[in-house]
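Following this message is one structure expressed as structure tokens.
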Amino acid sequence: MNILQGLMPTIWSGNWAPAIRKRLFKDGESSIEDLCQMMMESDGEYSSLLISDRILTAFENLDAESLVHFFHVLNEEYDLDAQKVEVLAREYAREQNAGTLSALTLASEPRRLELFRRLNLAPGGIRRLVKVREELQKLLEEHPSLKKVDADFRHLFSSWFNRGFLTLHPIEWETPAHILEKIIAYEAVHEIRNWGELRHRVEPIDRYCYGFFHPAMEDDPLVFVEVALSGSIPETIQEVLQADRPVIDPGTATCAVFYSISNCHAGLVGVSFGNFLIKQVATSLKRRFPNLKTFATISPAPGFRKWLVEESAAFPAIHGLIDRFENGSAQTVDEMAGRHLKQLAARYFLVQKNDHGQPLDPVARFHLKNGAKLERLNLLGDRSENGLRQSLGLMVNYVYDLQRVEQNHEKYMKDHKVVCSTQVRKLQG
Amino acid sequence: MNILQGLMPTIWSGNWAPAIRKRLFKDGESSIEDLCQMMMESDGEYSSLLISDRILTAFENLDAESLVHFFHVLNEEYDLDAQKVEVLAREYAREQNAGTLSALTLASEPRRLELFRRLNLAPGGIRRLVKVREELQKLLEEHPSLKKVDADFRHLFSSWFNRGFLTLHPIEWETPAHILEKIIAYEAVHEIRNWGELRHRVEPIDRYCYGFFHPAMEDDPLVFVEVALSGSIPETIQEVLQADRPVIDPGTATCAVFYSISNCHAGLVGVSFGNFLIKQVATSLKRRFPNLKTFATISPAPGFRKWLVEESAAFPAIHGLIDRFENGSAQTVDEMAGRHLKQLAARYFLVQKNDHGQPLDPVARFHLKNGAKLERLNLLGDRSENGLRQSLGLMVNYVYDLQRVEQNHEKYMKDHKVVCSTQVRKLQG
Amino acid sequence: MNILQGLMPTIWSGNWAPAIRKRLFKDGESSIEDLCQMMMESDGEYSSLLISDRILTAFENLDAESLVHFFHVLNEEYDLDAQKVEVLAREYAREQNAGTLSALTLASEPRRLELFRRLNLAPGGIRRLVKVREELQKLLEEHPSLKKVDADFRHLFSSWFNRGFLTLHPIEWETPAHILEKIIAYEAVHEIRNWGELRHRVEPIDRYCYGFFHPAMEDDPLVFVEVALSGSIPETIQEVLQADRPVIDPGTATCAVFYSISNCHAGLVGVSFGNFLIKQVATSLKRRFPNLKTFATISPAPGFRKWLVEESAAFPAIHGLIDRFENGSAQTVDEMAGRHLKQLAARYFLVQKNDHGQPLDPVARFHLKNGAKLERLNLLGDRSENGLRQSLGLMVNYVYDLQRVEQNHEKYMKDHKVVCSTQVRKLQG
Amino acid sequence: MNILQGLMPTIWSGNWAPAIRKRLFKDGESSIEDLCQMMMESDGEYSSLLISDRILTAFENLDAESLVHFFHVLNEEYDLDAQKVEVLAREYAREQNAGTLSALTLASEPRRLELFRRLNLAPGGIRRLVKVREELQKLLEEHPSLKKVDADFRHLFSSWFNRGFLTLHPIEWETPAHILEKIIAYEAVHEIRNWGELRHRVEPIDRYCYGFFHPAMEDDPLVFVEVALSGSIPETIQEVLQADRPVIDPGTATCAVFYSISNCHAGLVGVSFGNFLIKQVATSLKRRFPNLKTFATISPAPGFRKWLVEESAAFPAIHGLIDRFENGSAQTVDEMAGRHLKQLAARYFLVQKNDHGQPLDPVARFHLKNGAKLERLNLLGDRSENGLRQSLGLMVNYVYDLQRVEQNHEKYMKDHKVVCSTQVRKLQG
């Protein structure tokens, strides 16, 4: 329990702050905009504490229209004063000391940042602030001007969720149920439909799950990865997920397969911490099971189908193939079509680039930036209806060679070089 | 263990990053300035992790001269570019969008802030960064220009140590020894000389100790307070501290006495969190022992003697009195002198003001700002040699009336009004 | 992890005990009877450790016939030597000292007790021993001579599960999932069909669950009780269990309803610890929610229907009534029939006695022995098909008045007096 | 908190059991003998709970004479009825069923065992019962008849402290202070004089301490061992204990030295659990520091001096030598005397036997029975005044070769064979 949560009951019971409560709330419910103004005008002590919870509760009850209005208020009325910044920047250029610096620092920060920091005082503050940004995210496409507020949230959360503060924890069948149910809810790659399926992901001795946590949100993971130990890199996700597969002795496994990574909070988009996760988990598993030699993923290719459809104008031969996947009927692929499809897939990963010169596929970008190698393309690697429809069943293995990830990462960062295996390179023809 | 600490051994063992290690460290030990430059130039991933520990270790081994030099480098070379801020502020005034805002936000932050955030990746990062600022604090008087770096530290730590993240924990005889030894080390008001004295402060059922902790420094308190339960507000600190005092049944106690508050880290000066501590602890104790009626302190008056000596030019009659205290021989005070001294003390607290219109005494300022009432002045309230010398033995009781702290606090914030009891007010004559 | 579990891997890996392993296990799998003999013959140190796990594993794989055979071996070959006891008893009568006493103590204990104690060394020993007795329980009816072995188990478990060792823990939605799934499995009164129903029992703020645990089986409850907070004593179990009921503020509740108590381990039958559970939980809840005034149950009457059917020969008027319940169609009862049925129920609880002079109903015996009062009889208190069929829908409220439970208990223990409310007494006519 | 401790406050506050309290305690303080009788006569439920704490408190306040009297009451009035046992044994011989067995089991147990089991209900029950036996131990020499009570305690504690229930925990500088202070108090081999010395034993990275704990006494170790990691087997205890020794990197250590083992509770004498401790700790350390090759002790020889003095009649040449040790002045030994002394020591360990055919030295018996090898005799291995006086400075290294301990143990158990190194064997000449 954080300090302020402990104080809340006493405060609300009226013992503490009758005067301020009377003044603040006398006219029935104040609007959220009024409450925010009160909080900024208060000297920041008790009033913040009193009002922060009130504001977040009001936010959580806003209707769609008021929500947009509120964010626009934040966007426009809680901005910085650019003229003032300009003046203070000139002053600092003239005279550089702690006073002029502090003045400039203060002025160049939109006022909403101080508002957000004060809202963190409320019970569950950080968690609720992440939700506030989650709501905001949903509005950005329609209200692009609100991206300013979003930029400030990202800036603040990047500081609060500094990777130095995060901790890694295993998520097991022995984990408290209220955390496990979040895994069910957050799983974004291969749906977990019920507690029985969850158990298959975390209880068998050849299955593991790890998440990063922030200490102020310790029962809510930020990102988690699911791992299967096996004797070789799997070609299909079905062999990983099937309920009646044989469980193997983890001490004999040579391969750890990262088969699902999920970011948990849309409110933390742009705050990077997932990139260390696989490597950290690989290190932990290696220490525990020294026989592990290979660390690989089996990953979807979420952009492949879309690209192929666009390309298909140029490759009429693949029209029929796509159709078969689209209606979920392609459970096999004949050899010729398969070869063709693989060549196209190799082209998709190795040749095609987006405007920044990077691969088109977002999952590929994530792993390649992390220093992984593109190891193998698996046709019909995901025969689920969903998998067939979204990526024509294509699944990709990326391999994390701990001795090379750093070099690979540097190469990728320098010139977006896609490190891949010989077999993939050959496909490109 | 945070994530990155877990990675360190693997990284250092050479498995991960032979290339970067070779490049970075090939010429023997790089200077700390070179290391900082490398870290800022790296793309921020692995190199940060590798170099952050190296930089902090280098810092911890700097000699006095190099330390000053390093801080000057931070001050001058890691500053912001005021011209650039000015340009970007103008641009933002013209065109307000997320892009122009982010550019301005980035530019208006001294580069050293990004350096500090990356240093947080090192094992024990935050704790070590707090120590970095602790070292800086020692240099500020002699090198006032470094106050710019200090201002940035304060800004960063105020965000990281946001009160919403702090947790309150009891500190007991059952607490791990490595935390208890820090209590011995940090106690700043009434010295704890050994483990036996420590035990007297935390083990008896009428003695309590509570501290605020940050979750990333969970075995190192930020601030702590020691509490004695009693039947009445004590007049002397000796009756609180004496080893052979009778222990009382806490269920019968009516008064909780806060007899010592210590801030633990000079590196966190200016980051406020102590002001909630007393009230939070009072709330906890009240819930546990419903018979408690009064929450009071017995506090020193560290500025009293100094002020009195300065005043003594105008009050020749008190010369002799001061002398008697100065040589520690005044174990009693005759009635007349006592009355005179109390009147002077009342004047010191109620009439004299500093340049900001606040009382001269720093302890008084702390409690009054918190909303406490100045309840009673106790001559010879601290008969220790130290107490006699520093405050002529004067000890002060401040009372926290939970129903009034908010109003008192507001009054004090508005016009520095000193709320006091009738008996103190009468002394003023 | 207990000490010996930590040793097992090393031992089995062959580093420790090659000689003994070779000797013991050279001829392939020894029979469980041979293994037991080996363990008793060993000097009790390492061999016990080695063999205990082997024996329990062998036990867990016995087929039905071998199981019976094994228990008969325990029964006959691991008994005490009555002649020897007789001799040593005479010797002790002649000469009473520690030597003669120890000899008698040793001789008068069936040898299987030492066997059981050594089996406790195996990983998960106590839990597996409880399962051994659970298997034994199933055989007692058909093999009554095995009750001797059972008596020894009860004697041993009564010592090991001494109530002074047990701890009370809340079971909540935050409890580890592998414990919660045991609650689903062990619930014996009102079935929990899935995780959603479990959540309804433990997550809402007006629902609680508490269990007793033994410290050597800390993730496996011994007995647990489910509690609903409410404004009054409920008349039906449906109002307690319905999914869409309104959740109430627990601070305003005046009544705590114990609506389900389940013993978890058939292997612990006859080892009493459930009798303190309700009173301990009542005490905990009272401390947490001081407004609670009434502690009551809503309990089934599992023997009622059976008794009534037997009685119905004498009361032909109730034939039709029973039939309506038997086919689950009685969702209402007309007033006259209801009055009649209640009178019969009152007779069942107050007048009818078993051979020991106690009430016929086992649930009534449990609560009355605990000191509860029979408060109210609720016709159609359980409208579930199951409830109608088993007790004709009758549910009973017992009230625990903490100020009177001791006296009630004593009265019941002395002459099986059934303490009941005036309204129940009046029913009896 | 165990269940019953939670109930105590409520019970004592008078809410629960006014009737029984009035009856039991009406005539002021009942004697402890009366209280015991009441508890045995009660039906075992609430009264036990009420009276158990009363009895133990009464016990803790008995004066010396009453203490002896009370134990004699236990000894004589709470004994078994040998005639009854004889009768029931005959009955069981005639007719073997659960009923006759239970009757015999019950009768053959001294009634005090039931008394002890009920006393375990009191808050802190087991801990206080262990203290009861500790008091008893002190009286046995003078009152040998009380050994009967002692035998019953040992029997009961052997069941309750079954090794399957014990857990191993590291004891570190991060351990709660109230446990660490017990280490200071219990250390029986090389005194720990203050917290600074304690820190030297548990904080450096090449120093470890582990203890066995019972889950119902989890802040009170049963036995603990202190370990030093080093590059070789030390010859003197001083090199292990000296405050300013260089700390070594534990990853490079090849030798783990067990330099102190202490049993914590005189009340648990005869209940064996120490024999697994060294091997379990060795296993833990080996897993953590795979470079460890040798597990050895540096142990005192507490019986050596006494034996030598007795022998000295036959060896007049050693008179002077002993004298020099006796007055603590022998800090060096000349070569000839040294060789002579070593030969005598070898004789003491290898040739001399007690009445059971085992070595005279109790420490030797402990380690040899555990399967250790007598590796080396170190003259002046303990140069402390105490060490010189008690064992003429002799310290012994025993080596635990995990691959051989089992065989060694078996050899020792079979014919008390002392396994020793060649160098020790040669000394014997």
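Chains: A, B, C and D, in written order; residue numbering restarts at 1 for each.
As a working rule, a residue touches a chain if its C-beta (ideal position, glycine included) is under 8 Å from a C-beta of that chain, and two chains touch if they have at least 3 such contacts.
No experiment lies behind these values; they were computed from the predicted model shown.
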item: Minimum number of chain-to-chain contact steps, subunit A to subunit D; value: 2
item: Reference subunit D; chain at largest CA-centroid distance; value: A
item: Separation of subunit A from subunit B, taking each centre as the mean of its C-alpha atoms, in whole Å; value: 37
item: Between subunit A and subunit C, centroid-to-centroid distance (C-alpha), Å; value: 47
item: Whole-Å separation of chain centres (CA-atom averages), subunit B against subunit C; value: 56
item: Subunit D: positions in contact with at least two other chains; value: none
item: Pairwise chain contacts, counting only pairs that touch as defined; value: A-B, A-C, B-D, C-D
item: Complex contacts: residues of subunit B adjacent to subunit A; value: 1-4, 6-7, 10, 15-20, 43, 45-46, 79-80, 82-83, 85-86, 89-90, 92-93, 96-98, 101-102, 104-105, 108-110, 117, 120-122, 125-126, 145, 147-148, 150-152, 155-156, 159-160, 162-168, 212, 215-216, 218, 275-276, 279-280, 283-284, 402-403, 405-407, 409-410, 413
item: Residues on subunit D engaged by subunit B in the complex (per definition of touch); value: 173-178, 180, 194-195, 199, 203, 219
